[in-house]
Each structure stands twice: as C-alpha cells, then as structure tokens.
Amino acid sequence: MGTFGSCQAHLADVTSPIRVTVWGENFHEQSERDRAGMAERYPSGMHGAIASGLSELLGDAVAVRTATQDQPDHGLTDDVLNNTDVLTWWGHATHADVEDAVVDQVQQRVLGGMGLLVLHSAHFSKIFRRLMGTTCSLAWRNSRDTELIWTVNPSHPIAAGIPHPIVINEHEMYGEFFDIPTPEELIFLSTFAGGEVFRSGCCWRRGKGKVFYFSPGDQEYPVYHHPDIKRVLANAVLWARPEQDTNFVAPAVVSRPAPQFDRRILVEGVDA
Amino acid sequence: MGTFGSCQAHLADVTSPIRVTVWGENFHEQSERDRAGMAERYPSGMHGAIASGLSELLGDAVAVRTATQDQPDHGLTDDVLNNTDVLTWWGHATHADVEDAVVDQVQQRVLGGMGLLVLHSAHFSKIFRRLMGTTCSLAWRNSRDTELIWTVNPSHPIAAGIPHPIVINEHEMYGEFFDIPTPEELIFLSTFAGGEVFRSGCCWRRGKGKVFYFSPGDQEYPVYHHPDIKRVLANAVLWARPEQDTNFVAPAVVSRPAPQFDRRILVEGVDA
Amino acid sequence: MGTFGSCQAHLADVTSPIRVTVWGENFHEQSERDRAGMAERYPSGMHGAIASGLSELLGDAVAVRTATQDQPDHGLTDDVLNNTDVLTWWGHATHADVEDAVVDQVQQRVLGGMGLLVLHSAHFSKIFRRLMGTTCSLAWRNSRDTELIWTVNPSHPIAAGIPHPIVINEHEMYGEFFDIPTPEELIFLSTFAGGEVFRSGCCWRRGKGKVFYFSPGDQEYPVYHHPDIKRVLANAVLWARPEQDTNFVAPAVVSRPAPQFDRRILVEGVDA
Amino acid sequence: MGTFGSCQAHLADVTSPIRVTVWGENFHEQSERDRAGMAERYPSGMHGAIASGLSELLGDAVAVRTATQDQPDHGLTDDVLNNTDVLTWWGHATHADVEDAVVDQVQQRVLGGMGLLVLHSAHFSKIFRRLMGTTCSLAWRNSRDTELIWTVNPSHPIAAGIPHPIVINEHEMYGEFFDIPTPEELIFLSTFAGGEVFRSGCCWRRGKGKVFYFSPGDQEYPVYHHPDIKRVLANAVLWARPEQDTNFVAPAVVSRPAPQFDRRILVEGVDA
C-alpha cells in the first residue's frame, strides 16, 4: 500500500492542514564547489525537493513552506515558528553558524509539541544535539555504496507502504556506533554495500513533541526524489504532527498545587 | 581485551576502588537564612553526609572526595574529573552560576564513561538538562508530606536490599508531570501524603556513561542520613561505575573506515 | 479538552468504522452472590456499559458489539474475530475456563494487527499472560480507597482530554510490584488512599498489534460509568486500531529470500 | 540485606561460582544425516563446545554442566534447575517435543531470577516464545554468507572486549523482520553478505530474570569455537547471573497488605 489516496484517508483531518516548515542550510546549493551539481540534482534546493515531495504525497493535508539558514533569523521568525506544526531540518557544513537564540526557540517549540524531522547530516545540528544530549557521532564513508533500508517495526505508521527493503542505488555510508540515546521506537535499519549497518529511522519524544531522525539524504545523491524516501517523509510528518489540542507551551514547573488528600495518621514511619 | 584474566578483573573488582566525587552547591550550608538549620542537620554539608554514607556502606570499594561550587572550577578541575569514575550532583539555588565550560567537561566525561548520579533539585542543573534535552520541570509542594518510595524493578542492582516501600517521614513533594525523556530503566516510584506520584528513580545511558536520577534530598530534611537512602546511593554508585576498560573518551566520528565487503553485483535496484 | 466532537475530528476516518468487540466474563453479572449489586450498577453488564461508553463518545467512528464467556466459543467465533479491529477484555473469576483454542486465535489476531485493551483483573487473563510472558501478579486490597490516576505522557493520544489527575472516589487498590514486561509506553500512574502506587496505563506492541492495559474497573464499583474512564477507553480504541492496510496475518517465517547483493571479495575474515 | 558485607559480596563475587547449565537439543549430533559432520565440527556436541568455551574463559567463576533433550526430564530435573543460575538453550528440530511441564518449570525459574541465554534457532523454542508472546519468526537463507556483528551499545557489559565488527566467515543468514517484543537493550546488529540485517543481540527482563537472545550458532558452521562468539557468551553469563540475594521465587500476588496511610479527608472528588 503506497498510494496517495490512502495517506489522505489516513490523515483526513481535513479542516486544518498540518503546517510544515522545511528548513535547509542552503550552503551546498550556493557554494562554488557544489552549486553546479546541486543545480542539476536539486534545482529548487534540497529543501525545495523535500517540500515538493510532501505536497505531492499529502496534498491538502499539509501546508508546506521552506526556510533557509541565510534568511533573517534563519527563516525561523516567531511568526514562522508559531505557525509550524512540523519542522524538518537538513544541515551539514554550517551547523556552528546557526544562532543559539534560534535553536532555543526551536527547542522550546518542540518541547511544546511541534514535531521535528532531523535529516541525514543534521545528526550534528545544534538542535538535534541539544535534544539528545549525546555527541551524535557516527562512522561514514562516501563511496557510492548501495544502501538497503529494512523495516523493523512493520506496523508503525512511519513504515506504512514502505518496501522491505528500500533500495538506494548509491549513497553515502553511515555506520554504527551512532552515539544517540536509545531510540524509543526503532523503525529502520540500513545496510550498505561495504557491510556496515546503521539505525537509520529512530523516534523519540521530547516534552510534548516528537522527533524522528532519518539518515538518507546526502547532497551528492538525488535521494529526496526517491519515491520511497518521499513516502517515509510523508508518513513521518503525519506521525510527528502535534495532538489536536496542543497549545505549544513547553512543560513548566507547577508550584504548590493543593494536595488531593489530607492525611491524618501515618500508619508506619522511620525517623529521617 | 579478551582473556580469562580480564574476566577475573571484571568480576573481582577488589583491586581498584571506584573513585567517587560528591559535588555540592554548598549554598544553603552557607546562606544567612539557612546555615543554622543546615549546621544542625548537615554539619559537614549535604555533600559531606552523602560522602560519609558512601564510605560507610562501601568501605574500601570506593575512594570518595567532595567538591563544591564555590571552589575554583567548582572543584571540578581536569585533575579531579580525570580521576573520577562516578560523580554525584546536588544543586538547587545557583544552577545558573555553574560555568558552562565546567558543564562541557562534565558532559564529555559522562559521554566517555563516567557515571553520574543526579539528586533532588539537581533535576534543574545545567548538566542534567544538557544530557536530557527537556525542560526537566515538575510539580512541587513543601509541606512535610510523608513520602513512600516503591520499587518497580525489584531485581535491578539499584534496588538491592531496599525495603518496599522506603518511608521518609517528612519530605518535599515532587509530582508528575516530570518532563524527562522516558527513563530507559525505571526503578522507583514515589507517592506522597497529598496523593501525588513521581518517577523518583530513573536510569539512562548517555554515550558510554550511565545516569541515575534520584529525587529524595531536600535540604530542609535529614534525608541523606536515612539508612535506605544511603543504601540506594551506594547501590547506584556500583551500578553507575564505568566498565573495566573504559578510556573515558567520548564517542567520536570515524572517517572513511575501509569496507568489509567488496561488492561486485547489485542484484536489484531502483533509480534514485 | 474532552468533547465528543474533537474525538470525531481526530478520528474522522469516516469510511470504515473501527469494529470493536467488548468481551466480558459475565460471571459476576450472573452469580448468586453478586447479581443483585451488579444489576444495580451495571444493568447491561460491565461489557454493556463499556460498549455504551464507546458508542457514546465515538459515534459513527466505531461499530461496537459485545461477546461473553458463556457464549459458544466464548462469543469469539472466526466470524466475530475476523471482523474485529479492537478487542477489549474483562475477566476475573473464571480465566482458567477460557478455552486455549480461543486464546490461540485471539493471540494470532493480535499478532496480525488487532488491537487489545486489557482491563483491570484481566491482568490474569490467559491472553494477557500469553502476550506478556510474566506472572502478571500484583498487590491488591479492596477497601474503598480513593484512586488518583496521574498522566506521565501528556501528549500521548490515550491521554487526550484526560484530567490530571482522574479521581475515582472509591476503588480497589492495585499496587506494585506489577510483574509485567517494562511497558514500551507508560501513560498513567495511579496512587491510592493507602499510599500505594501502580503503573495503571501501559502500552506494548506484540507482532503487528497494539496492547493497552488499564487497571481501573473492579466490578464492585461503577467505574465504567466514570466520564474520564470512558474517555480513556475511547482514546485507547483509537490508538489501538490497526493500520489502514492491515491484513491481520501474523508475522511468519520468510524462507530463502534472494540475496540483494552478490559478494565476491571478503576484505577481512577470521576462521570460524 | 543492607550491610557493608553484602556490598562486598556483591562486588567480590569470588566465593560462589555462577552455576551454568548448557542445554542442547542433541538432535543433529545424533541424526543419521548430520552426525558425521557434527562429529567433526563438534565432537562433544554443540552443548559441549559451548560449555568448554565458558569454562575456558571464566574458569573458577563458573561451574558448568550440560543437559540434553534426550535425558529424563530433558536433563532439567528439579535438582538441576534448582541449582542453575544461568541456563543456555540451543534447539532447532524438535522444539515441539520439549515437554510443556519442563517449560513451565524453566519459565518459573526465569521469572524467579535465573538468567536465560537463547541461542540461534532457539528463537522458536517453547521457552523463548513463552517469554516473548510473539511468533518469533524471521527470514533466513543458508548460503554461507559472511556475517558481521556490529556493536550498538559499546559500554554494555555484554560488549566488553568485543571487536567492531565480529566477523564470521560463513554462516546462515537471519534477517528482519524478527517478530520479537522491542528489546529493552539492543547490543548487536548483524549484517550479511546478501545485504540483510538482523537484531542479533537482544536483552529483556522477565520477572526477576534476565534474557539474552544471540543469533549466531547454526549447527553446520563451527561458530561456537569462534573466540569472539565465546567471549560474547561468557560476557552474557556474567550479565545474566541473578543478584546475590535472589531466592528464585517468581513474583506472586500480595493480598491485602496493610495501608501505609490512613486517610480522613478527601479534598476533591467526583462521583463514580
């Protein structure tokens, strides 16, 4: 099962489309060394391709925009963030230049309920490392390995309509040990021609928000045009969307709530 | 490392004591408002009491020192950290004054294998929030509630010798919703006279290190003299200790490892 | 947020209602000792009340039926099971009399994708013990304790519209240690007037199916008429429903799939 | 148990060896078709090889015996089970002939604290399926694939001294989807020459006992002589051993424990 129609039906909360912001670093698209190849592979940038894929597969169920690092506030102004239900993040070469103040806002919004999809080299993004607390390091080799993506949680919504395995003819290898907190849900495992393995589809909850890390997506390969990869991202947006009644306020201290019970007698105790 | 001898070492553990650093904020012990009460309850400070408890219960199996926030580098110099296997952390009023550079070092050491015990109000410490990625907020009320600590993982080493429940006659209430990542291991649940509940004993792995959060320990109550609380901390130190062969180097990128396989033929593929 | 309308909107997969079978032991409803009290509290039996609650809150989004142990095949014929998306199970006094052959069928259907809600004393049902592998034992005391149900996963769909805490004026106490596999998702923790605690709302995946255990529901108390309890059950049915494309076939061995790669050269190896 | 002495005992571990029973089906070792090859590869049977490996690596820290399916009570008499701390289980062709009464005893002993190592084709053993509740099915192909075993939990004791990856020159392929409950701890991932992947080292707790599933070990390959495989099994025995004070009694119902609190006033309530 992998048709557009079934996604629509599955989602079908047709009154309010999911507001998705596809964030891109937009470095390789502009850099002298890479821009020619990028223009061929991704004429609208990787962020443009990801956004198109979501619109194509989810139609009216989503309202998609893009934002890039070179924009003011990296395109993530209060207005944009306050109107984003799910944020996707692709970065690689300039993580260090992302302003901490923007990362703070993104983190707060995730903890308040915004979904976050972290893609490929964004394992080293400030926002992902902030939410994980680990180094997020890994092994890598860029030698055009074939990558096979296997599903280890077949009834999970992110795996809906996904072949077993997805085949990516050529891609960069990411290998274990991937220094992340144990995924709360493990969806995909990737193997590579060289024999390596990687936990390539991982879910966590942080505060009221959901986080999905998905490793395919090196800029030198046309991965975001791959139909199965587009399908995973569409499924992930549906999965990561906030609950209906989310107020996007991060959990906060509750001071001195009144007790529910009034105890009179302690039956047993120890002095301390 | 793969010989019989290393197995023996792993088992025996009697040659090298676990090097424990008990870190204390040392604010309430010194503040005008609190120092009188603290001097009665904790003549050597809370950190002194915690350290004594560990030495009393673990004897030669540990080498315990204390460090406090008011010391240079908050007492956590390179020399101290490089010689610490397990760090305990108690803070409350002055989390914001802990230097980020010191927090960086502590985080790196945890990711490299150092164990970390996070106590009571240290749920809001920089190091805990750094490792968790969430707000770590909760509900609280300081009205001398009796606290009962129940074990939900009875065969876990941290629960060894612990009564079901531990009874703390009077303590500050901490209540859910405790905004933490789902504990990888949940050891204790606390209930309070007012009816509240709290996940009071929680374990996570971060990098190569182990983290244990344990909620009892408000400075206005003599909790760190409680025999069962001392027992939990002793068990937790044993649990959190690094593996025998730990080099305390945090996970890092592995670049271009040679492939294990050389593939000739791709049996099946898809263009993308 | 707890209106019927929002549930409808949330679900809104309006083409095919979720087919729910509410299974009841129907022993206390009939027994000489209990039938008078049951007739007052639950004129249609507990199963009738649970079914009514679901229909009331979910309307056209569900098609609800009941089945009872005293029926042929315990009401779970092939025809019934093959047309059930989510099964709820309440049993207490006669677990041992449930036919193993029926339990086999139910287990297979769960592993194939059917959702399962296990209620109160059904922690000792054959089907729950079969899916968990543990004793599923616990502590209990029937002394009209007030029960407070606290949410520890506030953005989880099962917790939608649920107050923090739910208050049940009088109920049987269930206490830890509850011998279950660690819940994959922990939704609720209950506290009782006597001070006990219980992991009262727990989720697991088994095969392609989802399992939710929810402890409230002793037959001596009108718990299934409680608006918040009805809300939890409605949320749980929505959560437990199978994915759109489920074929209800349990995972099975895949023999001799063709390799994806044809390896020629092993770069490195060890003899064994 | 709460004295310094018990901590020492917990640490030292040198007084009482871990009592290990290595259980083997002993079918291929005897069958007409296989016995010649088995006699070459495993002169003492696979169970003999596994037992030797443990004794070689753990010396006086273990007391190892074997037991086989063809013995009375499958070699698992009360006397044997009551004196087993860790049981290893290898079966393949005759799972159905293992007596349910023996499986019951083994399950009870695991729930009471005995460790269990489940090896290779024992994924389909009665005891493993009993403890997991799922089909435990998988994909397989026996075509002499090279298997690489990668560590995804490098500081876990089972991974101590294990190369990254372990290389098995030739082995049967086991592939996902492996229908098991989500492992509570995932230690190893295997990749195969054909491109498949498998969660090959998985940990769960069941009751007071620990369970480790490890996939290498097809009878047609000399895998149990592989030094790294022997190391994993030795580490796993140490990990799975019961806690010092284990009484091997499975969790059981606790009836009518006295309340800890006596409540007088309910501050807030709802009628139900």
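Letters A, B, C and D mark the chains as written, and numbering starts fresh at 1 in each.
Please note the rule applied: a residue touches a chain if its C-beta (ideal position, glycine included) is under 8 Å from a C-beta of that chain, and two chains touch if they have at least 3 such contacts.
Keep in mind that what you see is a predicted model, and the values were worked out from it rather than measured.
Trainee: Which chain lies the greatest distance away from chain C when centres are computed from Cα atoms alone?
Mentor: Most remote chain from chain C, centroid-wise, comes out as B.
Trainee: At the chain A/chain D interface, shared numbers over all numbers used: above half (same) or below half (different)?
Mentor: Mostly same residues: over half of the interface numbers shared.
Trainee: From the mean C-alpha coordinate of chain C to that of chain D, what's the distance rounded to whole Å?
Mentor: Inter-chain centre distance comes to 30 Å.
Trainee: Could you please state the distance in Å, as a whole number, between where the Cα atoms of chain A are centred and where those of chain D are centred?
Mentor: 36
Trainee: Between chain A and chain C, what's the gap in Å when you average each chain's C-alpha atoms?
Mentor: 31
Trainee: What positions in chain D touch 2 or more of the other chains?
Mentor: Expected reply: 146, 148, 154, 165, 167, 175, 177, 182, 193, 195-196, 205, 207, 227-228, 251, 258-261, 263, 266, 268.
Trainee: Show which residues of chain D lie in contact with chain C when the two form their complex.
Mentor: 107, 111, 130-135, 137-143, 145-146, 167-169, 173, 175, 177, 179, 181-182, 184, 192-196, 204-207, 221-223, 225-229, 250-261, 263, 266, 268-272
Trainee: Which residues of chain D touch chain A in their complex?
Mentor: Residues in contact with chain A: 146, 148, 150-152, 154, 164-165, 175-178, 182, 185-186, 189-191, 195-197, 199, 258-268.
Trainee: Which of the residues in chain D come into contact with chain B in the complex?
Mentor: Touch list, chain D to chain B: 1-2, 4, 6-8, 10-14, 56-59, 61, 113, 146, 148, 153-155, 157, 160-161, 165, 167, 193, 205, 207-210, 227-228, 231, 234, 238, 242-246, 251, 260-261.
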